[in-house]
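Listed next: structures, encoded as structure tokens.
Consider the two complexes below, in which chain A is the common component and chain B and chain C are the respective partners.
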Partner chain A sequence: MSTLERLQSIAQNPARVAERWKADGGKVLGYRCLYLPEEIIWAAGMLPYPLYGTPEPVGLADAYFQSCTCEFIRNLFDHALSDRLAFLDGLALSNTCDVVRRLYDMWSRHVPATPVYLVNNPQKLLGEANRDYFMEELRRFRARMEEIAGREITDDGLRDAIALHNRTRALLRELYALREQDPPPLTGAEALEICMAVTVLPADHADGLLTELLAELRGRQVEPSDGPRILVTGSMLDHPALIRMVEEEGGVVVIDDLCNTSRTFWHRVEDDPDPLTALYRFLNSRALCACMHPVEARIEHVLELVDTYRVDAAIDFNLKYCHPFLYEAPLLKERLEAEDIPVTVLEVGHDLSGHGQLRTRIQAFIEMVSV
Partner chain B sequence: MSIEGALRYYLGTGIGKGVLRFERLRNEWRLRHRAPKTSSPFSPPLSTSPWLKELISRHYLTGRYADAHRKVAWVTSGAPVEFLKALGYYLLYPENHGAVCGIRRRGEELCQAAEEAGYSRDICSYARTDLGSLLSGRTPVGRLPKPDLLLCCTNICQTVLFWYRVLAAHFRVPLVIIDTPFIYSTAPAHAVDFVQRQLELGVETAERVAGRSIDPAELERVTRRSREAVELWMRVLERARHVPAPITAFDEFIHMGPIVEMRGDRATVDYYRALLATLDLRIARGTGALKQERIRLIWDNLPIWYRMRGLSELLARHGATLVASTYTNAWGELAALIDPSDPMRSAARVYLHPILNRGTGHKLDTIQRLATDYAAHGVILHSDRSCKPYSVGQMDQRERLSARGIPALLLEADHNDPRAFADEQAENRIQAFLEMIPS
Partner chain C sequence: MSAELAEIPLPDLKVVEEMQLGIVSRFGEIQQAKAAGKPVVWASVVMPKEIFQAMDVAVVYGDMLGAYTSIYGLSARYCQAAEEQGLSRDVCAVHRCAVGMACADERDPIFDMSFAVPDLAVGSNFPCMSMSRSFLQVVRKYDIPYYFLDAPINPWGKDLPRHAVRYYADQLQGLIDFLVAHGHTYDRDKLAEEVAFTKALNAVLEEVNTYKQAVPMPIKAYDNVIASTAPIALPKEHRTLGIFERYRDELKERVERGHGVVENERLRLMWIGMPPLCDFKLLNYPEKHGAVVVKSMLEFLTGFDLDPETLDPEEPLESLARAQLVSPANPTIEQTLDYFTRAAADYRVDGVINVVKRSCGLLPGMQRLTKEAIFEATGVPSMIFDLDGVDVREYDPEATKANLDAFVETLLARKGS
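Up next is the complex of A and B:
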């Protein structure tokens, strides 16, 4: 089995990684989304485990969340209610959207076996007016993680965790740099699976695999394609089906800007004598999700990606009911179109239903931009 | 801010105010002399209603001319506005404008205008109404003044953050965001410090835009009037504890206009004082808002603006009415936290604690407390498609209320988009619910 295939198989069943870690006597700390540092969890000796959903229709969670709320969150809550997340020793959420805040509420009431913690991060980033506040939130998060892990998090431990995670981020940046090539040596669907696998793996283990993977991909022979180079953006896609669909219809997905792919590793933690300050600066610089402010930072970032990856067209996969991205879509579209980048905004469900209709729209879009 | 602008402002608002005063006097005269409808299940309208109409119309009338002569800020309904008032800004509330459009049945058309411009039908119908109005230039209030400043406080939802970014991109004016951390129990000191720091920075921006500095004495005066109005509003609401209730939540949804839009104004204090006196008179005479009150209900969430009359008539046919709501209560419950002698610190605390910035457990407790205090027989939980922070958790709340012996109905609708409301189905469900309530 090639390294790529190994990573793909992990992405198909990420829970196996957590269960194995658990079987070896470790603790697993689930989390979502971008605005809490996995370094703190790692430095507490726990496995930071980002939660991914499964493309199934919502079930049990429908008794707690209205049907017009985020399907991804409802799907995660389904997992929790049906004991599929029983391996978690805790869940940490960051303050992103209204529905995540309510997930915190519902989780604390109805999943008492798994303690849930909210890192109440500010939503207004970049400026340092939030510094004292955010630092205190991070100190509290650190203390809570120490409690759950039952051990102290030392500054040295944090520094090591930062160095380790920075290495993983650098390797993923290297991987993504390969996609600047024409044709790129890996598909967009593969890149998504690699990201999913790497984010659930223990960081020290992921690094080795990524190094092997890079060597493997550098030697890979790929057929040239004259399809348009596509940027995929949106909140999260935790299944490769949609990106695969774009590629089946002739698009070449050269870059993705998603909460579970490039946003997780685009920035690195810069050095600071105080590791917590370093983490604060890192999180505060990452205004890449539409939940955060200022949105211009995110739009500029997308425009840079368009430039670096020589993008011909963009697809905005908007998860249904994902408000931050729904509001932002017209703004982003306008800015990209001003740069002569055609954009299509597609509202997509979290399960795989409705894909037939999406295929027709993707087909039409690719045809339009290929002319 | 030219001489011509000043002339237009004073002339336009001056003549308009005269017309509105005349209308109010005429309406008051009519109210006094009109024979009450014997067939109506309702008592005659509150005698202060013409005054309220004048107050709200005058606010929008001033708005029409405001940008010719004054600085204008568009603000969210939960935003700390006292410092803007003290700096002489005219304040426009897009949410209230949305509600006005809803009441006048313009919501659907304006929502559609926003949808045509690429805004999803799944986003808040206030935002769609407002953006639709902005993009199409259509509004039932004549004209909205252009803002010089936008003030957005996330203590009611995060939607406002996303919505106001769109406004900022459209108008290209400074956007002040007061980012309020979520509070599950009580606010920790570092959260209050954070909000206070943002308020101080917000004041700096507002001063720069206004081209003048804030007068601390004026800020204290405005804050004092805010507190006075909020306290009076709370007393108005509490009058409905009386059986029969002299005022219903349907009335309150309209009468809340000044506490939201004109908090900090002398006129608001005067109005609520008069309203209170009217309610006391009703109580002394034993007059209820409903002639035959049999079932008393609590309402949770925003009203369904475009079906207010229909719903109140439907309930009234069964001798039922709304005696309190978490929504109108939200503008009164924080009165005790307002401290005019320390306006910034107390504003930071007050504006962190609205019901929507807190956990669902807090809301459940509030509903239960209201049910007890207002001797209610049941609760209607309006599951508002447009308001996630208000609505998520209601399914759980319904179960918990029922377990505590308080019947609760989950009514699916949307506060401003009638397309998300099925009349017949809603009517059947409400009827079935009312029949089930022992009274």
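Up next is the complex of A and C:
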């Protein structure tokens, strides 16, 4: 089995990694969204485990959340209610959207076996007006992780965790740099699966696999393609089906801007004598989510990706009922079109329903931009 | 552009009629400000109004305008205008109405007074993502400077940590600095006066609330909703303690003579969720069964139920920050549950109508949590159903009435009536 295949296998069943860690006597801390540092969880000796959904229809969670809410979050809550996340020793959420906040409320009451903690990060980033506030929130998060882990998080431990995760991020940036090539040596669907696998693996193990993977990919022979170079953006795509669909219809997905792919590793933690300050600066620079302000920072980032990856067209996959990204879509579309980048905004379900119609729309879009 | 406007109930209380006229007259102030070259600011009713009032800011409350499009039966037009701008039909109908109103090329003449092209915008993430994002469409349309007010959510309850209050107070100072940078003046003493006024006002409103807890209910649901918006929506010359003291006194007089708005009050209801703006008379509909809506969510959204002890004119920004952070409107759910559980008991509620519109991001999920908490604490049952009372294209009056009829009949049977 090649390294790529090993990573794809992990992406198809990420919980196995966490279950194995538990079986070896470790603790697993689930988390969602981008604004809490995995480094703190790792420095506490726990496996940071980003929660991913599965593409089946929501069941139990519909008794708690109306069906007009984010399917991704409802799917995660479904997993919790059906004990598929029983291996978690805790859950950490960051302050992002309405539905994540509501998940905190629901989880607190209906999944009592797994304590949940909310990192109350600011939503106005980049400037340092939020420094005192955000630093205090990170201190409190550190203390809570120490309680759950049952051990102290030392500054040296934090520095080591930062160095390790920075290495992973650098390797992923190196991987993504390969996608600047024409044609890139890996598909968009493969890139998504690699990112999902890497984010659930223990960081020290992930680095070894990424190094092997880079060597494999550098030697890979790829058929040239005259398909348009596509940027995929949106919130969360935790299944490669949609990206695969774009590629089957002739698009070449050269870069993705998603919550489970490039957003997780685009920035690095810069050095600072105080590791917590370093993490603060890192998170504060990550204005990549549509929940955050200033929105211009996120749009500029997407335009930089367009430039770096020589993108011909963009597809914005908006998860149904994902309000932050739905509001952002017309703003992003306008800016991309002003740069002569055609865009299509597609509302998609998390459970892979409606994919027949989506394929038709994607096909039409790819044909249009190929002319 | 002209259209037939929806029928709106007439106020029952004289003072509420006065409030309603005052609210309408406020729009003239905005036009005068615009004509005088004063900046018009696009903002929201849930932002600390004391800052705008102290700095004499000409404010267009976008969410309130959005609500008016629905009240006048025009939401379809303005929602569609927003959708033509690229907004999904799945985002908040109130905000689609607001954005559609702001960005439409033509507006109905009824909005000639209430809308003015904004020169500045203020956005906030309090209490939801729609509030956090929708104003950016207005910014895009008019290419205007904006300030974003970042409000921490509240997982701490009433015991707010210092760093959160300090941060939000600094955000409010940033708002003041932004307004000063764009042509306004700031006087701390005036802000202290406005905070003192709100403190005194809310002390009167606390008295008002004790009369609204009386059996029978002395005020109709529609009047209650109008009055609850008055502290924000009235213009300066009408926003006096006097008008609210008269409101209190009218209610007091009714309570003392045992006057209820229905002849034989059989049930008292609480309404959680957005009331049916596009069919406002529906609020009074349960009266046909002898049922009255005695409490609604709008009262905490507009700050009507703010505890005056939270405010301190000596520390105006910090106390405004504190007041907003502990508001039941601020996620997470604890303050909301506490509010509704107490209200169910204090107002002697028999049943809770708990609605959510499909396009809301904030309320889904809250229904189950409030239903459980209220029932556990008080034994009061809730009925949850889908109701979009904002986007008239999504509104089904017959299904809504059928739901209300069924719930009321169930409650009456439960009560043994």
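Assume the second predicted complex is superposed on the first by the 371 of 371 C-alpha atoms of A that agree within 3 Å, B and C clash if a C-alpha of one lies under 4 Å from a C-alpha of the other, contacts with A are read in each partner's own complex, and residues count from 1 in each chain.
Simple rule for what comes next: a contact is a pair of C-beta atoms (placed from the backbone, for glycine too) under 8 Å apart; a residue touches a chain by one contact, two chains touch by 3 or more.
Not measured: the values here are computed from a predicted model.
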Quiz item: Putting chain B and chain C on the same copy of chain A, do they fit or clash?
Solution: clash
Quiz item: Which of the two partners, first being chain B and second being chain C, lies in contact with A:D24: first, second, both, or neither?
Solution: neither
Quiz item: Which partner does A:Y64 contact after superposing on A: first (chain B), second (chain C), both, neither?
Solution: both
Practice problem: State whether A:N130 touches chain B only (first), chain C only (second), both chains, or neither. | Solution: both
Quiz item: Touching A:D340, do we find chain B (first), chain C (second), both, or neither?
Solution: neither
Practice problem: Indicate the residue numbers of chain A shared between its chain B interface and its chain C interface, in ascending order. | Solution: 63-66, 68-69, 95, 97-99, 101-102, 104-106, 109, 118, 120, 122-124, 129-130, 132-133, 136-137, 290-291, 293-295, 318, 320-321, 323-324, 326-331, 333, 345, 347
Quiz item: What part of chain C is in contact with chain A in the complex they form?
Solution: 85-88, 90-92, 123, 125, 128-130, 132-134, 136-137, 140, 148, 150, 152-153, 155, 161, 163-164, 166-167, 170-171, 174, 331-333, 356, 358-362, 364-369, 372, 386
Practice problem: Show which residues of chain A lie in contact with chain B when the two form their complex. | Solution: 63-66, 68-69, 95, 97-99, 101-102, 104-106, 109-110, 118, 120, 122-124, 129-130, 132-133, 136-137, 290-291, 293-295, 318, 320-321, 323-324, 326-331, 333, 345, 347
Exercise. Report the residues of chain A in contact with chain C in the complex, numbered from low to high.
Key: 63-66, 68-69, 95, 97-99, 101-102, 104-106, 109, 118, 120, 122-124, 129-130, 132-133, 136-137, 290-291, 293-295, 318, 320-321, 323-324, 326-331, 333-334, 345, 347
Self-check item: chain B - residues contacting chain A, complex
Solution: 117-120, 122-124, 127, 154, 157-159, 161-163, 165-166, 169, 177, 179, 181-182, 184, 188, 190-191, 193-194, 197-198, 201, 359-361, 383, 385, 388-389, 391-396, 412
